[in-house]
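Structures are listed in the sections that come next.
Same chain, two partners: chain A is paired with chain B first, then with chain C.
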Partner chain A sequence: MRIVVVGAGPAGMAAARTAADAGAEVTMVDSEPEAGGQFLRGRAKFEHRGVTHLKNTEAWMVEGHTLHLRGPRQLHFDALIIATGAYDRPLPFPGWDGPGVITAGAAQALAKQGVTLADRVIVAGTGPFLLPVATALQNLGATLVGVYEANSPLAWARETKAVLANRHKIAELASYRKALSHLETRTAVIAKHGDRVTVAKLDRHWRPVSHRTEHADLVCIGYGFLPRTDLVPNAKRTNDFLDVDELQRTSVENVYAAGEVTGIGGADLAEAEGIIAGAAAAHQEPPLIAVEAVRRGRLFAQALARAHAVQPGWQTWLNPDTTVCRCEKVSLADLTDAASMRELKLTSRVAMGRCQGRICARNAADLTGIPFDGQRRVIAVPIPLGELADLPEETS
Partner chain B sequence: MHPDVVVVGAGIIGAACAQALRARGLDVVVIDRSGAASGTSAAGEGNVLVSDKEPGPELELAKASRELWPELAQDAEWEEKGGLVVATTEEACEPLEAFAAKQRAAGIDACELTADEALAHEPHLNPEITAAVHYLQDAQLNPVKATRALLRGIRIIDAEVSTTDGRSVTTTNGVISCGAVVNATGPWARQFGVNVLPRRGVVLVTTPIPGTIRHKVYDADYVGAVASGDADLQTSGVVESTQAGTVLIGSSRQRKGFDGTIESKVLKALARKAIALFPMLAGVPVMRAYGGFRPYAPDHLPIIGEDPRTPGLWHATGHEGAGVGLAPATGRLLADLLTGSTPLVDPHPFRVDRQEVMV
Partner chain C sequence: MKVTFNGRDREVSHVAELLPGRFFCGIGVCFGCVAEINGVPEVRACRHQLRDGDEIRTQR
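And then the complex of A and B:
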């Protein structure tokens, strides 16, 4: 039984360990030099009997029972587990494409490597993830000008069931005490010109009601996450996250998914999903403790999605000349009226550049009212033609 | 609502028909299930070619179209870039030059170049090429913008058509009665009674390398691949850049129904043939691939005319990979026939009543 796991974060590592313990021959592929993913970046010392860990390796296409890797190289599998995680969603505002604006995830990754980024920083967006990012930057000696949460924490008052099932999550907040004192809610960065940052108070739809100027060298933004689903472009999804059943199976035969690619709920949920996927892929009954952890974790994930949903008022932050797509330099005024994403892309060039719409496609869809089609990319990462030419004749 | 004509399909052919009919003063509506240029039209390279057609009715249609396009495609990134067809083996030289001579006799600008001259036109071309022909009339446009330009001012109804009797269409939003119906549904045209099959194609897109490749450059074996009726995978090296600086790489032909899966063997074949033409491409990353379905008629000629079995039902389909290039003349010819005017070109070869077309 050959099982291939893509991604070496909490979900991928748990899936690989569980499947190997069940007797499968496991290969875990990850693009980073060390296991851990975004959450444990470089801090996970992964070694497990029965698991081959392919580091610095990018996977770019699934074809039947074959996973294509850069090189080119192919892995044949009986079951595939997608644990590729998610990345931050930025929202555009005047100046977001200039220097001194990065995603919260990028800031955290750099902070984990000990890189000091700036003297005065702002962390803005929505969701509890902003707090560990702000704390990491503080710990590196940065002055935290503010942590701006666009939603209201009062939304959590309606989520008693999820909160009670996940009390440990609330306890985690205490470790961010230092950052919490800088937290302002219903607040967002709506423009940045040099080090002058326009900070606005928002109504519940995120329309600005008042604003002031702060000074900061760096603004880190994160308005939730978008899943990395490129390897299974035809799998069924909801709000772009992969649909899975109780055994973490996707709609594609022999392909499982675990972790943030199925929804955002934190590392413990990701790990529990990984355990279930690893067991199920190896034809074992998933452990009850993991099943229970997933049940609890999903309550939290659903509450999180409701309490920290992106509200449409952000669309009023842009001017006609505000950049929407950085790769192709497409501004709000350049977005054409179109009936589909394809028509929009081919007439405005939005989402046609190097990032293949990972940063801008969702925002462009919202700004134009076009249904977001989930960005089905056939080739997950750019790959030189010479490498494609060296592919073997037959793969199965 | 009782329009004179309902055009089914808002691709480049449907748009050209609607535009030409409207220009005669007819009341036209277009129906499409997924919007303008959402199928085959957006899945190609937007080529307007004369170089790949041998003298005959299709070339006459292509020449007529080529004259009409510049005015119609003003807002659609129209570029008269020219085509460069190259032979990569000694054996391929003579057929290429003979083909070009026949085209010249039919009024095509086809200049034979030496390898050195070809390299002066395309500095990154493989110096091992054995012969080249420069086609000055070959051009390119943005097919989505061109479709939208043709459809300007024409009502588009968002619905799917299930049946038609030539005097009405039954749609998901109800029945529309009309004077005539045009089936411009490309590879899906079989539903309305003509033998058109989908022929799969895949295009690779590189990261931008502006200015590196200037013409549409393709291997002389391309003409043979187009003319073949084989269902198995056929590939030929076709390389060109767009105004955005990306390089488009084709072409593949495969008949396997409406299966949209992209296969690594197709990516491999396309990459190899592109590198054979431009060795420097080996180091250039591909950032996406897309595929589509060409409307393939078994006898390789477009179908333009009224269906003798169903008066009022007109067909404009079967253009395979040349729909963008043939669109304006197809629209004009259809409008001529429908209104009883003198046809732009001889319509007989494109008639519906052909052995391999009637199903």
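And then the complex of A and C:
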């Protein structure tokens, strides 16, 4: 039984270990030089009997029972586990495409390499994952001008069931004490020009009600997450996250999914889903303890999605000339009247650039009122043409 | 690290410093950081481990 896992974050590592322990021959592929994924990168030492870890290796297409890797190279599988995680959703505002604005995930990745890029920093967006980023920047000596949460924490008061089942998450907050004292809620960065940052107080729909100017060299933004689902463009999804059943099976035969590609609930939920996917793919009964952890974790994930949902008022932060699509420099005013995502792309060139809409497609759909049909790309990574034919293997 | 950026000598601690306004997601998703690195075109700089002597180009 050959099982291939794409992604070496908490979900992928757990899936690989579990499947190998069940006797499968496992290959775990990840584009990064080390295992760990978005949150644990650099802190996870992965080695497990029965698992071959292909580092620095990007997967770009699934074709039947074959996974295509950059290099080029192919892996054949009986079962495939997608554990590719998610990335921050940015929201556009005047100046977001200029210097000094990066995603919160980028700031976190840089911080892991000991780099902050600036002295005065702002972290803005929604959701609890802004706090570890702010803390990491502080620990590297940056001055935290503010952590701006666009939603109100009062939303959590309605989520007692999820909170009680996940008390350890609340305890985690204490470790971000130093950042928490800079937290302002119903607040967002709505413009940045040079080091002048416009910080607005928001109503509950995220429409600005007042604003002020702060000075910062770096603004790190994250308005929730978008899943990296492009290896399985035809799998069923809800709100772009992959649908899975109780065994983590997607709607595509022999393809499982685990971790943030199915929803956002933190590293422990990702790991528990990985265990279930790894067991199920190797035809074993998933351990009850993982099943229970997933149940608890999903309660938290659903509460998180409700309490930190993106509200439509952000659309008022843009001017007509504000960039929506960074690759093709498409501004709000360039967005045409279109009936479908496809028509919008062809007429305005939004989402037609190098990132293939990963950054802008969702925002463009919201701004035009076109239903977002998920990110369905045929190829996960743009491939230099020559590589398909004859480049030497770049894997280590 | 001592590198060459568009033909000029630069000293930086991370490739992100060379690409303000382009280095954005930091994890290989946005393709904003694409550059020619040591003669190889279309490399996402955020996925490249910078070394002394690297040559980075965003323009010819």
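Following the convention adopted for this analysis, the second predicted complex is superposed on the first by the 388 of 396 C-alpha atoms of A that agree within 3 Å, B and C clash if a C-alpha of one lies under 4 Å from a C-alpha of the other, contacts with A are read in each partner's own complex, and residues count from 1 in each chain.
Heads up, the rule we're going with is that a residue touches a chain if its C-beta (ideal position, glycine included) is under 8 Å from a C-beta of that chain, and two chains touch if they have at least 3 such contacts.
Predicted model, so just to flag it, every value in this text is computed and none were measured.
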* Using the superposition on chain A described above, determine whether A:Asp203 touches chain B (first), chain C (second), both, or neither. => neither
* Have a look at where A:Glu246 lands relative to chain B and chain C in the superposition and call it first, second, both or neither. => neither
* First (chain B), second (chain C), both or neither: which does A:Asp88 touch? -> second
* Examine A:Glu184 and indicate which partner it touches, taking first as chain B and second as chain C; both and neither are also allowed. => neither
* For A:Ser340, is the partner it touches chain B (first), chain C (second), both, or none of the two (neither)? -> first
* To do: Go through the superposed model and pick first if A:Arg326 touches only chain B, second if only chain C, both, or neither.
  => second
* Tell me which partner A:Arg354 touches in the superposition: chain B (first), chain C (second), both or neither. => both
* Does the superposition put A:Glu172 against chain B (first), chain C (second), both, or neither? -> neither
* Could you pull out which residues of chain A sit against chain B in one structure and against chain C in the other? => 353-354, 382, 384
* Taking the complex as given, what residues does chain A use to touch chain C? -> 31-33, 38, 58, 87-88, 90, 97-103, 105-110, 113-115, 117, 228, 326-327, 353-355, 358-359, 382, 384
* Structure fact -> In their shared complex, chain A is touched by residues of chain C numbered 13-14, 16-17, 20-21, 23-32, 34, 41-42, 46-47, 49
* Give every residue of chain B touching chain A within the complex, in rising order. => 34-38, 42, 142-145, 148, 158, 204, 206-208, 244, 246, 249, 262-265, 267-268, 270-272, 274-275, 281-291
* Asked: For chain A, which residues count as touching chain B in their complex?
  -> 61, 63, 66, 68, 328, 338-340, 342-343, 346-347, 349, 352-354, 356, 377-379, 382-386, 388-391, 393-395
